[in-house]
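Residue numbering begins at 1 within each chain, and the chains themselves are lettered A, B, C and D in the order written.
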């Protein structure tokens, strides 16, 4: 937690709070996400990770501030936030099952097209879509309806959709949960590749995955930021150990 | 390349329907049956719109009668004024005050051009205002359905209750001419049929283009996961609004052509029951398929005419039973029979091949 | 003063009637998501039960009271038959129940037209209801007080059923999470069927009340169905208190607008107001909060 | 093989050309000098039968009233067939269902006239159904017999109106009220063309008679509840209520009337659409109130005794007889009389015979006479008071038949400007 907030393209979150009927799911969070790093959000269930992301993407109301590219994100409607360059995936992969892989990517690419072009059918495959298909490794499945894809493939497709919509900030919610070991490795590679010029924030429980790929880790607990730093720093942090000690029995964290 | 060709395949279907309606039907049908078919075509236009809004967009529009009425009453008012001649007032108004001037909202409908413009503009304006409020506030599902139905009831009651200005429950009737052509002439009735059928084909082409366009994909996406669409950077409200407005315009055009064909327009033709009847055809035919709504509406219209000729008094049992059975047995409507049949055929063929190779 | 009293009391009674008609829908539509367009014909079944009871039991004083439970069972049985033959195939696609039940409604209406005197039948108001109560100078029809009490009774019974019985808990569990309820050993099939029985049965009771103020003929159901649905929606799905308030507000405001304008315009105003209200509060008066994307 | 393909080609070509011609030039415009002649009739009466069309709503909301009318028409047809038919030809009735849907009425009328080629059609109930049928029957120069009392101010060479027009029902009712010494009157009606028109006429005539209108209320046709409006009647304390409510909303009105403590002793109702069939469906003893009709079941005459006896024997009968039923029954006999005077089933010849001969029928309501000019019927107006057995006791009668006057030409209080404009509009 050093000079990340000074990066000109960083997403700066200051004093962000979210409450449901008086219950503070997120309270007073300060965090900065900068491009070029794989930034992981970890923490026990109910720590407020997803709620934080929900607030940053307009799904729930939050107070405080979250600025990106000179824009205040809080208070904007989700689609406006997406248009500002901040995109996300969901815990349960949400793709359009009835549409093909190609169509999924194509409509995701649509926000950069003028509205009137919507009235026309797709002619050929846009370069960005082709590129994304290549990157997420689904080129061969492009004409398959997204509904038949395997769980991991759906997650990749969601990432691909973020790529074609050219999201500069990507929030990925438990992307590798339920993936096989090979798929995890591939996903990690993918994130590394696309993360060079983007801000990628991953919510994750799988500590092996975190250890293997995280540049920065932010630990949340009970709605607050508990610690932030490199994997090694976090593992050495006493507060984090304390929070997770009670949970080691569940096997979530084993150093 | 093949998929591209495939997307043009429905055009062949539309062409076939166009030939059936514009060439075959006038050649083989009597004036009576042609006029009946014209009536079904009007319902089919409404149905194409419902297919778009409901089948593709997931909005169960239970109040399309509202838009049907906009077009129908615009046309009805024009034809009524045309029939009474310059400076005249409709017969039903004479009773209350023979010397009263025409109500201000009637006056512009003396102009045919204004009438045609209103048939398109009125539903666009009304549907935009309504839809904007409804979709921005994220009213959907059953709420949306009941809300639109309430609007149809409200409008029907309003028309019934303003008998001095609208003819009330008895409606507008006694038309003699349609844009200068006498309605009595059989040739002119064929002309009206031709126009109606052409408009229906036009609606289908519009639907086909919308379905294959990126908008169509986005609409289906909105139907299946509305909130997810937001994270593609679109406001689903706007996408639904467009579909709703297009559906409204189609209903209005259907309503407008309905009037010269049946010769009377009353609230009964657009109230809650009528609006449900519009939906019935769509559900029967298959709401998400391109041809489902059209075929369903034509089938329900035809079914109603023939069944009631066959069994006056008891036909309603048959129609009611048909609704029940089709909804239970064929969730995708009649149109799904085609895909089911194709699937079965493919399975048979592949098993043939297996058998042959074995 | 009395110019306010009359519409207020009349409206309250109308609202009470609307409430009984809507309570059943609040169960079948609000809790199960089934759009039962034949609910109006279940009202009719209740009204016809009142008539038949009067034919069998000569004393009109007694028969109307007897008709209430009988109508509940008759309409409830119709509901169970509908559930078992039609609705059960469609729980995954609740909006499709609309079309199927429209078919059912068509058949039932025509059946009543063919099986009963087509002009309709007369349900006689018992003598003990044929009185007025003086309320600040307005001779308030006793029949209206009866309707209000009946609505109160139906409401209390339903609320008690939902709140205090294990069946009530099973309904709520099924509504909130069908799959989970099943794993907990709740027979959701049975719950569906009983919910439908109770919801339709309430329509039967409402039908008896309606037979005292309106014509008992094949068109009875169509006169109430749209307003009943509107009340349930405006009240908020899954919430009885919303339905109560909505029914009362619709009843009273219709009565006042009728007093000030005409019956037609009153209906238009009230319907439009409800539509506007639904845009301000798109989930009705009260809602059950849920988390999650959809 | 080749041959059939050739034929296919030529058919397609012909159809295409027709389509092109149609869309390019169309038919006659209203500016054309010569009016287009009606299509040639396809009626074939060369055999020993004659087809007649009955068009009633057997389904939908209006079926509650129209089913009985349909049955009566069939009964009349059976009777006429039993006594030798029309011009010696047996009637073959073709029943169609108007389905309480006005466009359907138009469709079925066209079907009856052009596909079934019936010689005449009978039926309808609501003004909407009549107005839907009117352009069709005029276009094909057919005949339509309409059996229900209505708001008048209409005539057509192709329609015969066998129910009362306003001067045979509404105006006599006002005369009756005047004779009763009524000073104040409350108007209650459905929000519909008949009550609106009737009340417009009532108000004009009341002004002349010196009867004060103390209130006027309308309720939508499909709305049952009348409590709020009845509260206004209680407050206005009129001498009489003039009830022009249509159909089943009458029940809601009557129930609310008794609920509010009103009774015929203080505030009697005079109705124009409650007859023997409707009275028992009211769910309250309505005795003491009045109705204005031309026919009552209680009329004593041999013709009526036969009518009632026949009806009670007829399968599926409703037990009692009523005015619209009787008017429907009469319409078939009047048609028989017309055809036999004309000696032909040809519409123009029938219309000519109507003008030339005095067409009468010894109807259950008494001797009725057709007016060949306006196609309405001379009828005796009666006021009946409802008895506990739901029969009507005739308490007032016009005595002699009243000539039909749909445009109220003989009534100086009816504004001439309105009449002239209406007559002119009718053409």
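Throughout what follows, a residue touches a chain if its C-beta (ideal position, glycine included) is under 8 Å from a C-beta of that chain, and two chains touch if they have at least 3 such contacts.
Owing to the predicted nature of the structure, the values given are computational and were not obtained by experimental measurement.
Number of steps on the shortest path from chain A to chain D, with steps defined by chain touch: 2. The chain pair A-B and the chain pair B-C differ in C-beta contact count, and the higher one is B-C. Among the chains, the centre nearest to the mean of all shown protein C-alpha atoms is found for B. Among the other chains, A has the CA centre that is most remote from the centre of chain B. In terms of their C-alpha centroids, the spacing between chain A and chain B amounts to 44 Å.
Averaging C-alpha coordinates per chain places the centre of chain B 32 Å away from that of chain C. Centroids of chain C and chain D (each the mean of its C-alpha atoms) stand 37 Å apart. Taking each chain's centre as the mean of its C-alpha atoms, chain A lies 49 Å from chain C. Along chain D, residues 59, 191, 218, 220 each make contact with two or more other chains.
Counting partner chains per residue, chain C shows two or more touched chains at residues 110, 222, 262-264, 267, 293.
Annotation for chain A: residues 59, 90, 94 touch two or more other chains. Listing the residues of chain D that touch chain C in their complex gives 59, 61, 63-65, 67-68, 191, 217-220, 222-225, 227-229, 231-232, 234-235, 248-252, 255-256, 258-261, 277-278, 280-284, 318.
Of all residues in chain A, those touching chain B in their complex are 57-59, 77-79, 82-83, 87-88, 90, 94-99, 103, 106-108, 110-111, 113, 117-122, 143, 161, 165. Residues of chain B that touch chain C in their complex: 60, 62, 133-134, 137-139, 141-143, 145-147, 149-151, 153-154, 157-158, 160-162, 225-228, 272-273, 276, 279-280, 283-284, 313-314, 316-317, 319-324, 326-328, 331. Residues 29, 33, 35, 37, 86, 89-90, 93-100, 102-107, 109-111, 114, 222, 226, 229-230, 232-233, 237, 262-265, 267-268, 271-272, 274-275, 278-280, 282-284, 293-294 of chain C touch chain B in their complex. By the touch rule above, chain B contacts chain D in their complex via residues 22-24, 26-27, 30-32, 35-36, 39, 82, 84, 88, 91-92, 94-99, 157, 160-161, 163, 167-171, 173-177, 180-188, 190-191, 194-195, 198, 258, 262-264, 266, 268-269, 304-305, 308-309, 312-313, 315-316.
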